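Attaching a single structure in structure tokens format; questions to follow.
Going by the order they are written in, the chains are A, B and C; count residues from 1 in each one.
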């Protein structure tokens, strides 16, 4: 004990502590982003982060640099809107190959989607993510929306957006739970077999009108239960099962011997 | 009744009964008033206590009748508001998605009726649900009549009337749902136009005739309105009256049962039993339809939009009773369009649109006459067949139904594809083959099942029901006790008289000269064999006796007698409860 | 057993001598009384149930009237649905109550002894038939028609002819001007601009990007005498494909413009609008019966019940860059008909 007491300076612990603090502080400062200047760094950082995400999740099929492979098309020029739509509805990353990428639970959070979108947007000019005002249903006219929808969309998605069949196992999905932003992005990017509806074909105002129309669908129907909004086939099925079923049941009751 | 002179002079009228209450006096007075002017007493005498047999399946036709009355009642309401005009107007009602949209007055009046008239939507939905149930009930009733052979003499005419009613029902439904002039029904009309144009030589003129010019024209909705509200209902009413008159005239058929024969009717009187049951059933039918109309939306034309030749919706189908036509159109491959010189014959449209329904409907209409020709049976039939005893007919019916179902499924193929995540192209290919394969399989299966059931009936008659009681003899032998049928149960299984294939005179007479008409007779005999060769004959008393005896063994002393069968496994049952009085126990060999 | 029981021969065991050929009808089974027939309390219960059901019906009617006066309609989907459901359920109650009451009454209270009556053959008796025939013969003799063959023919002939007075004008007028040649013409002609459906905006070729589909009507459609009739023939779809993917017949090379092609929207099967464009496979699918056309190969049929490809509209651009037609379609659009090729 007497030996150890004379080897170290009386103030040695203080110096060690100070050095430890300095070391920890430096490491921390070096490895974490400081709040000041975050906005600037978001730009280039997002693209870089997006590139990393892309290489980890997408490049296997879409190729390094997103130039496309035999399995998947090139993403140069599809724009941020396409990425926001595909990844934001869970369609991408695709879980298994098939005729269509179905919507499924979203795999990335909002920040990651934004980063991916920024990266893909940086590869070439393409449609941007619409603003909140552009997709606000309260600013759209449902009557114009229905007229546009009826001519351009109902043949695939059904008159009220309940969904419909295309060839080869592909289907146009039900639109009632799709967000206004995703609706807009789908129109402008034409995902999968869906055609592209640019802003001359369906103007931005008309797109908002379509969103306003779809926003009204899927709720209370004037006549009661909507039976899936699938038309005469489901109505016929219910007429047989419920209508005739109840009536034949009544007939059996009438004809049965009373106890 | 006040004292009135009878028709023969010199006789006195019977002493009048004094009615006890004022209501009864009023009723009696009315009856007297009518009878003095119409002679209605005879009809009342004949009809009031007329007997009708009881069975739930006899009420299927009533479902059709009462849903038709519901259609008439709700339809009158609708005609007060519907405007059958194709003049264009701009919408100014409460439905925001159609504000300012250009549409025909027919469509606009339908919207006004649905949204702004109290009870209007209810009446529309009652009308449409009733139409679907009307057609469903007709088909079900027709199946009952078919499978029980109620179309046999003397009811062939009634079958043809019923068939015509079915076709009129199709016309009424199709014209009715096309009236609102919406995109869905309008595309159906476009398809009808395409079908008609394809008819050789006269097709384009037929199309011009129907639409009063080019499609869609200005005249179609008003014409359909006349067809739907006047012509078809008028014809239906007249034919329904005739249909019911025949049922009264022929008296209703009855299912086989003890006490029921071809020369009697066993049942309950029209007044009061069937007035109450049938009258009550009308209220039940109307009530169920109202229940559906109040809770389940049908034909929401505001979602489809006013008719325009450009838009179309995914999942475009007609009402269910037309699906077999749409399905046939979808399944037909496209290569079969013939061009003869400069003339085009689109068989890819004509075969599914004209030939398939022609064959199906024509076959249905003619079936009673084909079967009568094959059986040579000229007797009147008032006792129904049990389907298992007529295996060929039952199998034909099931296979036609199977074909119909395949076509209905084909008509819904895009909805099936979406729902079950299948390829619409694969479904179409599978159903193309299924249309031929499935009815063939159904025919074979059904016939086998019928014959098996009929054989089972024989077994039950001969050996009784298995009672699940096992008896052990002192000798160590086990057998299951069978309870013999009582005479009422047995009668149902042995009463039928199956038709046997026709016998024809030999080909050559005694001198070896081939007689004329032999080839025709031979063809008829072949047809007859096809229908009636495979059958199961009912058990006769001699066969039952043979089954219950054991031949030489009856005389053997070691045959177990009734007293030896006591002390069974279940304990202490006397021969009486085992049903073994007299005869030896039914030994299962 | 009731008095109408038939004679029943006993079934013997043994060798089968003296047995009838077929079993005999054992006659009606014995009548089984209902609880209500035996127990007055049960009968009273049945009566109460019937009364309650009639009461339910009355409540339903009252409910219906209350709903009719109290619930408004004509505002939005929710209020309309409320009114519809209230009226419907009340009406159902009113009706089902009466129905169930009448049926329960019939089943549990009314006399349920089965009765029997005879059937007679439907055909009239021979005496009646003879008398009927005799009457007809007498009537025919009275008419003097026998031996007057000319009279018979004249009667039949004029009766057969007179319906023409009704049928000819009916058929003749119902078909309007019978101008069936109009099926072979549409509004399209040289220089007519392609415009968007339904807004009517002209389309610049540069705006039609690869992978897009435009629904098109001819300029000036609304001014035509029968706009919907013309639209039913003149609707067109315009798509742009990569020129590398497009396979064109030599004589149709100049019918497209830089990969932009225009085809009739009316299906050649039975006339529905062919509108589903599958961009990646460049197939056009008709939703009615699933006819599928390959846009990259002259819209030939690749699946389904159609036989002929969609007619192509020859297009080009005018000086301002807008898409215009070069002429009408070179064949009748839509479904096939007898003299389509004449």
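Everything below uses one rule, namely that a contact is a pair of C-beta atoms (placed from the backbone, for glycine too) under 8 Å apart; a residue touches a chain by one contact, two chains touch by 3 or more.
What you see is a predicted model; the values in this text were computed from it and never measured.
Colleague: Any chance you could check whether A-C or A-B wins on number of contacting C-beta pairs?
Modeller: Top pair by contacting C-beta pairs is A-B.
Colleague: Using CA atom means as chain centres, which chain is nearest the centre of all the protein shown?
Modeller: So the chain nearest the centre of the shown protein is C.
Colleague: Suppose each chain is reduced to the average of its Cα coordinates; what separation in Å results between chain B and chain C?
Modeller: 19
Colleague: Measuring centre to centre with CA averages, how many angstrom lie between chain A and chain C?
Modeller: 41
Colleague: Roughly how far is chain A from chain B, going centre to centre by Cα mean, in whole Å?
Modeller: Whole-Å distance between the two chain centres: 51.
Colleague: Scan chain B for residues touching two or more other chains and write them down.
Modeller: Correct list: 114-115, 121, 125, 277, 280-281, 284-285, 288, 294-295, 308, 310-316, 413-414, 424-425.
Colleague: Where does chain C touch two or more other chains at once, residue-wise?
Modeller: Answer for chain C, listing residues that touch two or more other chains: 80, 84-85, 88, 103, 106-107, 112, 197-198, 215, 273, 275-276, 287, 290, 303.
Colleague: Do you know which chain A residues sit against two or more other chains?
Modeller: 147, 151, 155-156, 164, 166-168, 221-224, 254, 256
Colleague: For the complex, which residues does chain A have touching chain C?
Modeller: Counting only chain A, the residues touching chain C are 147, 151-152, 155-156, 164, 166-168, 170, 190, 192-198, 200-201, 219-224, 253-254, 256-259.
Colleague: Would you tell me which residues of chain B are touching chain A in their complex?
Modeller: Contact set of chain B toward chain A: 54-60, 62-63, 96-101, 114-115, 121, 125, 128-129, 132-133, 136-137, 140, 183-184, 277, 280-281, 284-285, 288-289, 292, 294-300, 302-305, 308, 310-321, 323, 411-415, 417-418, 421-426.
Colleague: Quick one: which bits of chain C touch chain B in the complex? Just the residue numbers, please.
Modeller: It is residues 4, 8-9, 11-16, 19-23, 25-29, 68, 71, 73-76, 80, 83-89, 91-96, 98-103, 105-107, 110-112, 114-119, 121-122, 171, 174-180, 182-183, 197-198, 215, 217, 226, 228-229, 231-233, 235, 265-266, 269-273, 275-276, 287-291, 301, 303-308, 334-342 of chain C that touch chain B.
Colleague: What residues of chain C sit close enough to touch chain A in their complex?
Modeller: 32, 34-36, 77-78, 80-81, 84-85, 88, 103, 106-108, 112, 196-198, 203-204, 207, 209-215, 239, 273, 275-281, 283, 285, 287, 290, 292, 303
Colleague: Using the touch definition from the top, list the residues of chain A that touch chain B in their complex.
Modeller: Residues of chain A touching chain B: 99, 142-143, 145-147, 150-151, 154-160, 162-169, 171-172, 213, 216, 221-227, 229-240, 242-244, 246-248, 250-252, 254-256.
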